[in-house]
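Just so it is clear, A, B, C and D label the chains in written order, and each chain counts residues from 1 on its own.
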């Protein structure tokens, strides 16, 4: 026993692994998220919203009388590190793990949480994530399986485009989206005129834009991360691209609009969650966020905020902190804003952990996201 | 055809900016055997200096550019040479290479610490617009970049071959020992090349950041391309760096559009490897007498 | 007596400069031949052409009747030709003894055989003997780079002998060696020549050293052989004096 | 015998350490073992044979993919491991050929280009590598019927292999080959004139270093249990290079120390999360300015200054 203690001390000295005990009755929530690297923009939004949600809940007495204690772990947007961070988070024996957002990271680390039986609520959208039969994993927003059919419908019925140029980022997120949307478009008899892969953190989109322009497509569907989206939009404007641009969520993100400036005007998108949604709850949340951090949250902020409130809603429904039954309770559960305003919109979770709720068609007008249509839940 | 011309022009324009960084890279190598693995970060930093000047003092872009020229000359020119290159060069090439890799990380992380990890918008340096000739359309920005870079190259070439200082710098680049015997103040000439490099990267930053957006890790791609351009063109030739930069810009665009977008990044690398193996002195370079 | 080394019409130019311009000479087995000439007369280039370090533009080299022109330094070593370089060339971070062992280990056997050979490649005794002979035993386990210049110089020469060469080309063996040690060096080379019948070709600037050491001296000027003969003959040759003074 | 004391003590600590750690600490230790292997391979190529390579991450990747694809399809890990090493050995020979023509920075750029190309192939050839989707569900091996599912089991397996590999490389470096590698590094021209076949040894230096990188990769895959191309990009190669150089290139213990520093620094500097890379970069710069032979070189210098008379021991020494 003595030796074990000494070793623990030695390990402490070497690894600096201090597990601050914290308040004994606090609920530990581990937030494993992109705080540096390519995903820093999305991760920071998520983290700040999680902080905000935890603070608001704590101010009102916490969950079932217990305060929330959130610890953040930085995945550096790197799958390997995200796995290490989830392992590290699990060492702290959290009630729930939140994040990450990057699909390539989620794929690597979800196994760890599953093995430990700790529920995980992620911000990832790649289609495959909820197809792996992980019983303790939940999404906060639509997977590509849910959003791409909506986009494809809009392209067919709303814009009436016959051929589409697809520009996507070649990683798990982009490839997943590309594969899904191409399938959906073709199923609707819409031609993919040109199919262009780009790199993560690519900076120069001149070649892609020239190709899209000359492909004869009557619509462009970009599926990239925030910064790349902005660079693409600027290049599109520079080269005078005059066809409609319709994207999914990211493309009308506030950061994209800030970076792209004028070039973002006229861009349309399907957005699962939007800070500009015509809902008093969302407006309130956005105001609180702006008051706390001096900037507007993007949809990732909404996702993080909802994630924390999902934990609250499920726990309160169970009436106790029951990690084993967490997932079982949440599967098939509908959380209404009447019961839990923090989920922002009524939402239902299916047995795979995918949410279903209303979504929006938006357009950027004068540097602002405007909701044009509210789409009903899929109800499948 | 229209697409081809468009790709060519935009490739040339981006390539011209790469060429600026590549020329600075080449100059440093020639005069002081410095292989600057932080050259990409050297292009990244002036952009943030300009942004700061705009934000703190409310300067217009071109005044901010002037500020960044001064600060870059001080930090990336003088400071870099005195603090890193001078104490290290006696250890040989490799330790300096590693030190510049570390310097790159240092600059990147430093900028991240101060300005955050998110990209920031950067004002356009040149007028925007599109010129159409029949079915071909080219952007005013691209033409402006090309003109500006060519003017700079001509000015630099003129400076190096027409002025006493410039010729002294060239003498140092070709043979420091002979230059010393001729009474040239070699250390001072080396300092000048570091200052010229600082100016080149500042201009590159001014032109490329509107496209790249200001972000701490911009240097990663610019740095790599600058090496490739410098080596492909010829490590001991200013003209080589120019040709190398233009070539890489064009190849990047054309291969992405016509061969394979997924392997787009591979073509400049393949060219690099082929040049190193079959013509190590570069396309325009002179063979250096090595061995023994 | 058949010649051990034959050089015929060897030439090498760099651009317009003819560094070596049609040099022919022979070296007999067991001979010690000196190669002298003013700076820039082409001595080192001649060495490098013979030894495959740079390719000659014309002419040929024969060793024991075998064509060796443009053979690689590696192949020449395997044939039994050793050399030293003008500048000190030891392996500074290896110990003195390891310098000697590495100099000998590659001469025979197969590459993969050496992987499985004992750590000293079976050359420990030979190396120790060489250390003894060159009076380097006391620094055997020091890093070569930490030895005095004179010790490194001796080591440099000793390394060339580790493969038991029949011909050794020495490029300025006395350069930078202090006068007290010159006598030792002279005696050493003479003894190696006598005991092992090693043939030497020696480039040297130190006239006294060369004249004492060599059986025969070649004088090179502007890439050509200006004179040839015993040390006495060369010393008396007015053309040689002219060449040196006119330098 | 005294020179075995320190390694034995370190090993004892490494064996005891996981008992005081939770799974994250053990995961870090296992990752350290894997990176130490890869860095050890690079140290052979760079530190001992003097050949600059910026492609070690590519071999880590090739090894990881070979082992992952084979074990996922039911092949035993113990067959996949040597195959991963052999494939990398063979590819390493190919990479060595440019080194016969060019040196130093040119070689650095060729290898750097090679690494980037391997990354693209891993990402784009989806039919083989799974592309960006990667390879998942990589099984952990069992040894003599003992499974290594638990973090500690796999750690001991990696540590055991690291020890075996260290002995093998130590023996290699003490063999005539090791001496020939050093000769190649110190002075290739002179080495050639002494009969050292510098072509063969250059190729071997690349091949062996790469092969060891491949073996490290074979352990990386089951450790993480999922691989995609991202951990094998240029950045990792640079990180491995820094590990070797910071630890002390050409010192046997250099890679162990360098890898430990890279793994542990972020933990030590946790109070300053984002500062750690900044401080690390600063450390590297200061180290390069004062002592380019790394931390172990600094240690040797310090010892020399203390004892004054004893010069630092030569890199390789054969005692008989």
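Here is the rule we use: contacts are C-beta pairs under 8 Å (C-beta built on N, C-alpha and C of every residue); 3 or more make two chains touch, one makes a residue touch a chain.
Just so you know, these numbers come straight off a predicted model, no measurement behind them.
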Most centrally placed chain - per-chain CA mean versus overall CA mean
D
What is the chain whose Cα centre is as far as it gets from that of chain A?
C
Separation of chain A from chain D, taking each centre as the mean of its C-alpha atoms, in whole Å:
36
Go ahead and note the Å separation of the Cα centroids belonging to chain B and chain C.
48
Per the C-alpha centroid definition, the whole-Å distance linking chain B and chain D comes out as 33
Chain A and chain C: spacing of chain centres that average the CA atoms, whole Å
74
For chain D, jot down the residues that touch at least 2 other chains.
123-124, 189, 274
Among all residues of chain C, those touching at least two other chains are 53
Residues of chain A that touch two or more other chains: which are they?
36, 170
In the complex, chain A residues that touch chain B
35-37, 40-41, 44, 170, 196-199, 201, 203-204, 206-208, 210-211, 213-214, 226-227, 230-231, 234-235, 238-240, 255, 258-259, 261
Please give the residue numbers of chain A that touch chain D in the complex, ascending.
3-4, 6-12, 14-17, 36, 74, 78-80, 83-84, 87-88, 90-91, 104, 107-108, 111, 128, 170-172, 174-175
Residue ranges of chain C touching chain D (in the complex, touch as defined):
51, 53, 72-74, 76-78, 82-83, 85, 89-95, 97-98, 101-103, 105-107, 111, 114-121, 124, 141-144, 146, 159-160, 162-163
What does chain D use to touch chain C in their complex?
172, 174-177, 179-180, 182-183, 186-187, 189-198, 200, 250, 311-318, 320
Would you mind writing out the residues of chain B in touch with chain A in their complex?
2-3, 6-7, 10-11, 14, 112, 116-121, 128, 130, 137, 139, 141, 210-213, 215, 217-218, 220-221, 252-254, 256-257, 261-262, 264-265
